[in-house]
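Both of the next two complexes hold subunit A, though its partner changes from subunit B to subunit C.
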Partner chain A sequence: MNRRAKTVHLEGVAKQALETGRNRLLLAGCLVALAFVAVGARVIELSAFRDHNEPTTSNTTADAALQTGRADIVDRNGLLLATSLRTPSLYADPTEVLDAEEAAATLAQVLTGLAPAEIVANLRAKRRFVWLKRSLTPREQHAVNRLGIPGLYFMDEWKRVYPQGALTAHAVGFTDADDRGIAGIEKSFDDALRGGQEPLRLALDLRVQHIVRDEVARQIEAFEAIGGTGVVLDVRTGETVAMVSLPDFDPNVAGRMEPDARFNRATLGVYEMGSTFKIFNTAMALDAGTTTLRDGYDATDPIRVARFTINDFHAKRRWLSVPEIFMYSSNIGSVKMAMDVGTERQRAFMGKIGFLTLTALELPELGQPMVPSPWRPINTMTIAFGHGLAISPMHLASGVATVVNGGIRRPVTLLAADVPAAGARVLKASTSKDMRRLMRLVVENGTGRKASAEGYLVGGKTGTAEKSGGRGGYKRKALLSSFVAAFPMHAPRYVVLVMVDEPKGQKHSQGYATGGWVAAPAVKRIVERAAPLLGVAPVDPKSPEIRRELMIEMPGIGGKRLASF
Partner chain B sequence: MRRSTILWFLVAACLGVALFLVKYEVQSREEQLAELHRDILENQEALHVLEAEWSYLNRPDRLESLVRRHLDLVPMDKRRVGQLEQLPMRLPMPVPGPDTDPMVTIEAIALAPRPSIAALSTPPLPVGRPLWLPIRVIKRVTE
Partner chain C sequence: MSAIARTDRSIIGRWWWTVDRWTLGALALLVLIGAMLILAASPSVAERINLDGYHFVRRQFMILPVALMVMFGVSLLSPVQIRRLAVVGFLGSLILLAAVPLFGSEVKGATRWISLGGLSVQPSEFAKPFFAVVSAWMFAEWRKDAEFPGHLVAIGLYLLLMLMLLAQPDLGMTVVVSVIWFGQFFLAGLPMILVVSLIGLGIGGLIGAYFLFPHVSSRIDRFLDPASGDSFQVDRSLEAFMNGGLFGTGPGEGTVKANLPDAHADFIFSVAGEEFGGIACLVIIALYAFVVLRGYALLMSRNSLFVVLAATGLLTQFALQALIHMASAVSLMPAKGMTLPFVSYGGSSLLALGIGMGMALALTRRHAGAEEDLP
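Coming up: the complex of A and B.
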């Protein structure tokens, strides 16, 4: 019993130890089980709930795509106008350069356009980073590498390149050394170009652009002019198919251009346009109903107002019908026509057609029209023949597009528009039709005969303005000769404007430097060369449908006659 | 008991080896992928440079001077554009008789003056083409 009790005692102690051990084991087991449950739950969560199921494809970057610094700019057919290329730029860490003078001497031999003194100054600068030359050619990079000068490094940079050179310089613009747009489309779409990868498609057609530039340059040379501009607009959409301003510059070396070359005559320059304004004057009078194609005005005597005398260049000294006033570009008749409409209505009309505000073109270089203030009756008289209200050539082209397209004004644009923007009606459709006939008449029988491109039914209006001089007067010898046309006149598709700045009369033009002699031949050649590219088919001007469309009745002095078709 | 232990041990070893192999396979494939991406980028950049060069070489003024120098092309004028209705009715097929020599007509076509810029003031007359040409003769003419 004693032994047994001892045993029991012993058993008791052992049992207690066993109990403790078991409890601890149980606790540890529970903890481990809990940990496993946690791990299991996490596994289930990850596999079943986080991604719903096993990813079927890897999550690495989908496809390698080239990230250029700026998006490309292309013309309407997708030809490159501006693109970015990776070029190495040379920089130095002056603290690592051992012998600045020797390094400068050898570098100047390899890199053209860098003066040794300048390099030495750069290499002695108390900085850790100086640019030596941006955008090296591969050959230059190789040469610099071969020199093996310590402390010189290359850094890849995106450089803007304009493969077309000067051809689209004013429209596309250019960027500075740090790839920020500072002119043209490059500036106005800077953010979109910098962020995007999709090329920006412009409305320009490179082929037409080339033709226009070629022809304007030819006239500038032939008439010793100081500059010129040419614009081609799509009448139906307001797209700018070509926009040229001469002299121009090479945007690839924009730093070296002259200030005059940067000036965009097509959009930034505002000029008193002269007789081409009679298009709007006549359209305004016809639309207001103050006159019709059968009426006319007495243009026998010059008009004298205050100190001005308004006279005719091609004076006829007789009663002129409205078509004759337009055809012979009579200032006297136009003034009387405008006076009948009145100052207030003229101002409202000029506002409606967009001549008092900036054009909608997407360029930073836009010229604000110079509007007379206050608008007196004398202004009404001078604006009738295109003086006293200065607008940019782009305004003029857009206004003519409005007049010939049935009277609907659409904002001009440099971007390719697949759907034309909504327009606002400015003129009655019948007025537009009358104006088309009148413009055709000018080319058929009037001052614009040299613009007649056979088969394309060109219609237009000449303009020869004297440029305003310093003290509110006009310079007799400094002319602005222009011709604005549309074709084909029975269903206009394109407006062509050519303006030459300060042409001088030449022997081959019998001393004349007027719009009819200077700008009209250029328009003719532009139409002849560009129309097949633009998809305008030549027509037979003698076909009955076209005769009916463009026929005009001329109440002349010798009774009625049919003058044009 | 012992057998199942060995079995489990083997399974674990196999799984370990398999995991090891898969891991290295994935690594090498990822390297391959990265290399392909690098190649693609390189090619895209080369393409980009070539595109720029192509459009530089296709400048309209350069093309114009090249055409002037090397080709007989002239600007298209309206006489060369027509409509389907202007075409005359089609002539009946000439049947080559035994006495007509096809070479005579074909040589006349080949020797006909080609339009040039100087001759543009007078429109070139439409050249009559026979509607039927024996292949053998065409070969001889082109030779």
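Coming up: the complex of A and C.
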């Protein structure tokens, strides 16, 4: 190929390349033109066909989830616990307000709870937007409109309303001013509630909840206590029928609560439970087979370990049978029982019954148990009577449900469960049966007599723990008095736990502030009031079937058979 | 208009009679509108960050004449001179880009700015137009002489630039540069099969960015599902358009600018929408479309592949920047901070635009028959 030919060839290629370029440039031009048209069309759509006063479009899809409001929360019978209302909120554009002083003075007359000085400060702010008051009533809105002050505007907002007020405050929780759940069920189900339309049905029964709150509050007042908690669980499903922590707060004005009121004693607080733990100690020993209801231990002398002395509160100074150890709440006997089972098996048992991890409850406010590490023989001894392992009251109630329901552990839940969750066997059915008899015995003949609700066969265990006082010691005067019960004991349906924080001995209690004096009467009244609502009918405790079911052999008292009445 | 005689053979005279005066007029209008919008939008932004109200206005009005002078000066050059300028400029901005990670200052999680003699400069803004011209040259050479591997050089330069931009990281700029470069390659006769696979690669790259950069993924999530996060800026922007309606609330009467952090830069189109209304926005859109499409049309009759490719690249860059800014403001795409050419506040952006559009004007001048012999 000579030079000239090459040039010609190249020119041909260049021409062709140019041709391709032009064709493709045309295509690119069309694409760019299309893009400009699209932007133009969108601008027209926005500016001509949308009205910014329409709430559904002013914030576009961003608030779409909020536009539908949050889903309601209802109790197990469908009663409203939380709902959303659309309310007007008042804001101002301070640059448009002519006379801040005058506006503030007139506004303060129609809006309660707003100080004129505060309004003036807001109206003088160097901003274009200040909130004056969120969520006005229609009456207030009307009054503000009548004033005709320029520069004031309303913006519709969703407001969360809790018709039951403080009653279910700790379970339901509350939302912040922007409708985001920040506590309780509102927080743990925030996403579902935000997007949902269907009400969220809780396991709580408002009627029972009210009874529990009423009775716990009554004991707190009667014993000058600083707080208390009450829990009712369905032993067959793990549903939380009632959960109360006092002091509580009104979630409608959640901003104004005391920090202590926000603290959920039922789930977030972890405590050394004291003697109620003997339920688990005894169940563990019976289940392990290291002892039986006919065996016993010598409880004559206190146990001395290192610098501790373990003694009995109601000391009998003799050999005690297992039922007696439980009934008289003998620390010495319980420690010996635990030693026979051994440290490893005790730790495994506490793990299996769920005392070493968080409960399954659907709340953000869950307390992590305080578990001894390392778990030494001395811990085994103290845990036998409820010290050295701190758990939440919800743990305790859940553990008792497992012990009495035949030995099946089911996760506790705040949601209504139509079908019980799958459970895991923790105890033999026979152990569970023995434990029911023992718990009934405590109410029949032991420290829990004040919990005996006629006809409902209450069984339970008292606990009176000294609260640990910070630096490893215990405060003699600061008690945690509890009673944990189940009823009816021949076929348990519900667990009831009442715990009172720092009760003081009173004249009417002969100076006592123990679980038997403080918590047991509350349990009795809760059972008496709630059982009819829960569909538990009273039975005749003297009927032969029930006597057979709850009969217990008491070898300690001359080997005679003692029926439980 | 006839102050300059057609027979005037001076540089200015020749320029006046060969430059596209329609484009010039459209750009001048945009600059005017921009000046008005800066006056409307920036005082509230400046006051919010405790600066003197006219801080941004003064700075913008100081840079604006400089940028216009630069544009005019560059548009006087011939295509060959443009090419030389671009090569030198590209090398210079590469050096600055390389210096950014070493001496740059970090703003909002990315290092893009470097201080040059008391001025903050964003080198990537300048790399953009120069790169468009350099790669156009390489592509043109490749088509002219198959033995010269111009396209390979272009690919190499592109990868180098990508590396530097992603290191900052500046994803918006990366996307813009990629689209322009790909467009030029496409125009230069990239085989269709490769066009399709490169588009696939680009989409793959964007998906990769989604997973690689958390700020990108959150921004895209918020676009696809506004409820998933804070879409405050876009909401306010849309509110501005609705508030403005077709005729606007009037200059200075807008309220949304008080709540938009970047009302004078990344969201100035929203301020236009609120204060001047939808119809004014259409005029702005039309001006951009006019500049770009008229530029394309002028190129249809040009015979130098280099000129076609280079000018297309520059004009497309101009178009893309405007489109991304406006589409973000009306939520047609995930929010991406991009200045509106000649309208938004921003020194580097304005100067770079002056250079870019100056080169585009120079390349679209009528060079009576001279370009056939363009070396």
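The criterion applied here is as follows: the second predicted complex is superposed on the first by the 492 of 565 C-alpha atoms of A that agree within 3 Å, B and C clash if a C-alpha of one lies under 4 Å from a C-alpha of the other, contacts with A are read in each partner's own complex, and residues count from 1 in each chain.
As a working rule, a residue touches a chain if its C-beta (ideal position, glycine included) is under 8 Å from a C-beta of that chain, and two chains touch if they have at least 3 such contacts.
Everything numeric here is computed off the predicted structure, so don't read it as measured data.
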### Task
Give the label of whichever partner, subunit B or subunit C, reaches more residues of subunit A.
C
### Query
Does the superposition put A:A192 against subunit B (first), subunit C (second), both, or neither?
neither
### Task
Mind working out whether A:L79 is in touch with subunit B, subunit C, both or neither, as first, second, both or neither?
first
### Task
Check whether A:T20 is in contact with subunit B, with subunit C, with both or with neither, and answer first, second, both or neither.
second
### Query
Which partner does A:R529 contact after superposing on A: first (subunit B), second (subunit C), both, neither?
first
### Query
With the two structures laid over each other on chain A, which partner does A:A33 touch: subunit B (first), subunit C (second), both, or neither?
second
### Overlap of subunit C and subunit B interfaces on subunit A (superposed complexes)
60-61, 63-65
### Summary
In the complex, the residues of subunit A that touch subunit B are 60-61, 63-66, 68, 79-80, 83, 85-86, 161, 163-165, 167, 206-207, 209-210, 214, 454-456, 528-529, 532, 537-538
### Message
Under the definition above, what is the set of subunit A residues touching subunit C in their complex?
### Response
10, 13-14, 17-18, 20-22, 24-26, 28-29, 32-33, 35-36, 38-40, 42-44, 46-48, 50-52, 57-65, 93, 127-129, 194
### Task
Would you mind writing out the residues of subunit B in touch with subunit A in their complex?
30, 33, 36-38, 40-41, 44-45, 48-49, 51-53, 55-56, 58-61, 64, 75-78, 81, 83
## Note on the structure
Listed in rising order, the residues of subunit C that touch subunit A in the complex are 143-146, 183, 186-189, 226-227, 231, 234-235, 238-239, 241-246, 255, 258-259, 273, 277-278, 281-282, 285-286, 288-289, 292-293, 296-297, 299-300, 303, 305, 308-309, 312, 316, 319, 323, 326-327, 330-332
